[in-house]
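What follows is a pair of complexes built around chain A, which joins chain B in one and chain C in the other.
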Partner chain A sequence: MNLNKSKFPPQVHEKAKIAPQLVFFLVIGAQIGVGILGFVRYIAIFVNQDSWLVVLAGGIGVHLIIWMMFSILNKHGGDIFNIHHQFFGKWLSIPLSSLLSIYYLGTAIVILRTFIEAVQNWMFPGIPTWTLSLFFAVLTLYIVTKGFRVITGIAFFSFVLTVWIVFTHYFPIKHGYFINLMPFIDHKLGEFYQAFKVMVLSFIGFEYLLAYYPHIQDPKKAQKWAHYGSASTTIIYLITTISTLMYFSPKQLQSLTWPTLQEWKIVTFPFVERFEYIGISFFCIVILINLVLAIWASCRALNRIFDINIRLSVIPVSLILFLAPAFFTTRFQVDELNNYTGKIGFYFLYAYIPLLFIISIFKKGAKK
Partner chain B sequence: MRFFKTEKSVKSNPAVEQKENKHLDTNILWQETGISDWESGYIESLISQERFNKEVLRFLQDHQQLSSKEMFEQLPFGNKYWEDEPDNKTINEMILQGCVALKKRSSSGMLFIHIMKEEMARSINVPEIEFSVIGPKEAFNEELETNLLLIQKRLPTSALQIEFIEIGLRTKTKVAVLYLKDIANEENVETLKKRLAGIEYDHILDSSYLIQMIEDNKMSIFPQFIDTERPDRIVASLIEGKVAFLTQGSPHGVYGPVSILEFFAAFDDYFLSWHIASLFRLMRMFAVFFSIFATPIYVSVITFHPELIPDDLLSTLTTSRTDIPFPPVLEALFLELTIELLREAGARLPTKVGQTIGIVGGIVIGTASVEAGLTSNVLLIIVSLSALASFTTPVYRMSNAIRLVRFPMIILSGFWGLLSLALGLMMIISHLLGLTSLGRPYLAPIYPPILSDWKDSFIRLPFYVQKKRPKQLMVKEKQKMSWWKKRDIDEFE
Partner chain C sequence: MKKLLLLFMCLLLSACAEKEILDDITIVRTLGFDKASKKNEIKGTINYPIFINEQTFKMKYLTASGETSKEIRNELNEMTAKPIFIGKLNTILFSEKLAKEGIMETLDTLQRDPGVGRAIYLGITKQSAKHILSDDYNYTNSDGNYFSNLIKQNENFSNLPLLNFHTFLYAYFADSMDPVLPYLSKQKDAVKIIGLAIFKKDKMVGTIDEQQILIFKTLFQDFKEGSFQFSNKAYKGNLEILKSHLDIKIIEKPYKRVRITVDVKGRLTEYTKVNAGDPKVVKSIEKTIKKELEHNAQKLTRKFQKLNIDPLGIGEHVRSQTRGFNLKQYKDQYQDMDIEVVYHLKITESGVSQ
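Right after this comes the complex of A and B.
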């Protein structure tokens, strides 16, 4: 174990680096997760027909944070672990980076548990949690050991294979009522703020950037693509929000757990009925990239703090991913888990990163 | 066979080495020639007796007065070698490669003349596996010499590099590595040569031995090199900037690095018009997906999500399955296995009997099992269609891999239907993402996405669009075509 590893800027082999354009897929792949199946209900509690405004605001907020991240990373070089070391010294950086690693792992668990819940509610009511989590954990383990290029490839394929699902919103919009979106902007600022806080959970995912930044060739060029990625996420969320708001009346919406899944019920093709089965199956692919990136980032953190081989650390970490979801058994617990993660994510993005940003303004940058 | 004095890049088997060093091979026939004090040594089955008698001995008779060194200088043969003080090992080696050793008893030097028997090689045949309706109909045969000739006459350029390596501790098989000096990426060439030279194995009987030994990921079921019996395909790959090798005794040339899409490109595609070729390629890609996923999708839909199917279709499916005693997974596995059995039986038997087996198996067994109520006829249709689809893949190795991938997918679909099938798809994709061929990404033009390489991947666009070589190969000379001026309306040349 070498506790001083994060003192030095990360060394990544040229062959393990990815083209800056691919950051687009990494950002969008990590952001869109299981949240899209149900987030509209949670923000509609507060702002109802104005939810789309919150989504827009959330998207703009993400752009701001991405800009901050890139300016910190560009100025000081390396990754967040190295920056922790530079800003806070060795002994303070270790707990901070470890917390980050735990946070990454936590997001993976939340995503997996929530998805398994969707499966249990909609497809296989009797399925034990551990069987699905075992499947995902093994697959994640396999992919993480193949290295970051493969992970990026998974992000790319998960985008290509699932982007068409957006077009299924055509059906609820066709059957929906535009009047549901009226009246415009009819809520207090406090309500917007609360909705905004809830919305953050659906937008998290781009903070893995702090870990994989050194894996990008010419990372300064990647900023543009990260922005494009998160803009696309916002657009997809906007479409989802608008279609959900148009299709369901406010009271009906509050009685549903998974509005998007409910919408899929009316998607029909000449050869397929009950589209939600196909939808959930394809969401496996969406979930997988979330998990893979989170687990990778968590292991990478361990690697950077304690100098543990990723090949080694990924085994216990994915074991946790396999075991942890089974401890949350009820709907209520899963909801609580989501709430807490959302809160942590909110403070991490909107308090901790601005703090780092302010420190980085006053600190001297890395030598070229 | 060409006579090589190859660099000894291969480590020899020490046990074999020692034995060969001590004694002269007992098969060598040593005898007096009867001309002054010359004696000769050779292996009867290897050399051409006629040439030995008519050319070598006659020359010796006519120039009896010459010393052995002078004789060596004056002998009118191309392949002659002189050893001042030959040890047993060299003598063995030379004679075993088809030389005649000549020695004047009074002097220590020895001269060797290569007059190997003209082998009874198979003539150049029509390609059987990669037959094309249009286009050249020459295929490689087992002679390295002939195969090299087939390539060299298509590529009369000095840039063509042919390097020989001797592989196989006992078989000492000659392998020729080919590439175009001014195009091929040196890293690829070096990787291939290094891997070939690193092989230590007793016998190399075919290029497929070598393929399996130098693949990047030896655990993968997906082939990472293409072997072809068409010299024109090898030439085309060389011109693209790839590296190829030919093996003595193998009627297949091998080239790499390859990407997965090339396995679905028949060489025919370049002889047909690009519209047709593109259509065929897309059809083959579709066939692959169909072949892998049709049966598993059927199994998962019937087992877990019958709600997916519209009413009218559902009634057809249920009637076909009413009396079947097995769960769909078992039924599907049983049928797939039957088809594989038929294929294997057809492949092992002579062609004419094989056809009978196909008919008996396909029609009789199929109909009988449906009538007996063991399988549903819908599944029978799906399974045989997916078997048919897997045969459209032009590269034999790949079509085998695809047939094998189908089985885990069927078993997976028995778990949770479409859900586990989606995970299975990701499993395949993540495996493919990790694969490389000679160190280059296997899924190349798809991921990493290189749009300019798509002109010759899923589809084949016309030749004039393909001005550049594939980027993924990182070749030295990128341009394939110097210019192509497009005429404006009413402009003529």
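Right after this comes the complex of A and C.
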């Protein structure tokens, strides 16, 4: 084991690198996940008709963080693990990077458990948690061992295959009431702040960038695409928020666990009467890319800290992904799990990354 | 070799999920609920097709009572040869007697069931729901779609406002809005929509009669199809509505005066004793209809205020136009609020002949 690996900037073979434009798909693919099925309810608790504003603010916040991440990474080269080493020294960087690895794995577990819960409630009430988590864990294991370029390919297909789902919001908007969005800005600043904090959970995913930055050819060019990706996410979230707010009366919205799935109940085509079953099936693809990226980032962290080959470390990591969801059995527990992850994500993005940014201003950059 | 193995695995996996073959389940199309003779119990009736041979099938109904709808379902399951599935449910009917005591307890179970759609129709029946479901109306209901098609057709092409399970829940959960449902009655060998049942939260408190349905619709939503029967001493006729647009505004704050403005565009399709080619006559007809619409609409809003219900969702409009909306104060003032109704009517055509 070579504990000094993160001392040096990572060496990625040119053939293993991806084009900067593809960062668009990686960002959007990692951000949009199972959260979109229910996030509107959680922000509407605090700000109701003004929820769309919080989504917009959240999106803008993400742009700021992306900008900070790129300026840190561009200045010091390498990836977050190398930066930890540069900023905090060898012994402090190991626990910090390990925490980051656990955080990445944690997000994967949250996504998987939440999705399995939706499937159990909507499609197969009797299905045991482990069957679905086994399915996803094996698939994740397989994709991650194939390397980062394959993951990028999955991100691309995940986007292309599922982006049309946005258009299904046409139906609830058609049947909805615009008055549910009025009056504009009728809440206290404190309420907005609380809603903003909750909203962060839906936006997390772009921080994997800290790990895959060295895999991008000409990474400085990728910043633009990361911003485009995040902006697209914001637009999709905005559409979802507006259609949900218009379609449900405020208290009705609070009575629903997955408002987006409920909206799909009125989407009918001549060839399919109940769209929610199609929608939830397509979400398998959406969350697959979430999982793959999170697990890859987690393994990559282990590789950079302890010099363990990703092909080796992915086996125990996906074993955890397979086992962990079974420990959360009730709705309440899943809710709590989401809450905590959201909080950790909030502090990670809005406290830790700005901190790194400030340090990076005063630290000398990497030699060219 | 690898590919062969993959193919083999696909074949193996294909039988994993629990199968629900159409021939082996009872597909419930309509549910009906009545008050049972025992206290606290309700009576549920299911309406489902049985297949006689490949092409023909027949509707059959079964009834059971219990305290909850789950209990009824279990009872019914004990009577059917094939397990009951409600994924293809298209209508839920409640008898008026039951509706007066509240229907949310029953609907809540169905609302929680992911298998039940939101675009399905609800209806209140004058007679018992069982009575309505026990007939197949000379094969009209032989496919189990009769009730849902009846309501759907009337919503799309006639005077009935758009009402379904979702709109019911929307209004039920809204702070200041109450649900409305179609009110059905069995005639000789058909079921007829004889009005609207109005609710206070989930309890039925009254009805709106047939002639008023259109007026209600103009106050309730925007739409593009409907017809209005008008008459005065000199003439009578029919106005076909081509477009109706609704706007609710606060005139005097807080919660004192509200104005409902409805823009109606229509054409005369039937009129007697007058020459509708004459612009002067058309103007006078316009005036008559406007008066009649306004008069009837006022009658409706007064009725709602008297019952202290708000099926039109005026409260929702007021909330959307008021910063720092005070629900309690609004509710206290609702019954004394001044609700004006103004119609702007435009007759564009009078049929193909002069």
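Basically, the second predicted complex is superposed on the first by the 368 of 368 C-alpha atoms of A that agree within 3 Å, B and C clash if a C-alpha of one lies under 4 Å from a C-alpha of the other, contacts with A are read in each partner's own complex, and residues count from 1 in each chain.
As a working rule, a contact is a pair of C-beta atoms (placed from the backbone, for glycine too) under 8 Å apart; a residue touches a chain by one contact, two chains touch by 3 or more.
This structure is a prediction, so every number in the text was calculated from the model and none was measured.
Contact with chain C, but none with chain B, is seen for A:248 once the two complexes are overlaid on the shared chain. By the document's definition of touching, neither partner reaches A:260: not chain B, not chain C. For chain A, the partner touching the most residues, choosing from chain B and chain C, is B. Judged by the touch definition given at the top, the superposed model places A:124 against both chain B and chain C. Legend: residue contacts after superposition of the two complexes on their common chain; A:51 is shown touching neither chain B nor chain C. In the overlay built on the shared chain, the residue A:341 is in contact with neither chain B nor chain C. With both structures placed on the common chain, the touch criterion links A:274 to chain B and to chain C. By the touch criterion defined above, A:19 lies against chain B but remains apart from chain C after alignment on the C-alpha atoms of chain A. Residues 123-124, 273-274 of chain A lie at the contact with chain B in one complex and at the contact with chain C in the other. Residues of chain B touching chain A in their complex: 304-305, 307-310, 313, 416-423, 425-427, 429-430, 433-434, 441, 443, 447-449. Contact residues on chain A toward chain B in their complex (touch as defined above): 18-19, 21-22, 119, 123-124, 127, 132, 135-136, 139, 142-143, 146-147, 149-150, 153-154, 156-158, 161, 270-274, 277-278, 280-282, 284-285, 288.
The residues of chain C lying in touch with chain A in their complex are 17-18, 87, 114, 117-119, 162, 166, 169-175, 177, 316-317, 319-325. If you check the complex, the residues on chain A that touch chain C are 49, 121-124, 126, 175, 177, 179-183, 186, 248-252, 255, 262, 265-266, 268, 273-274, 276.
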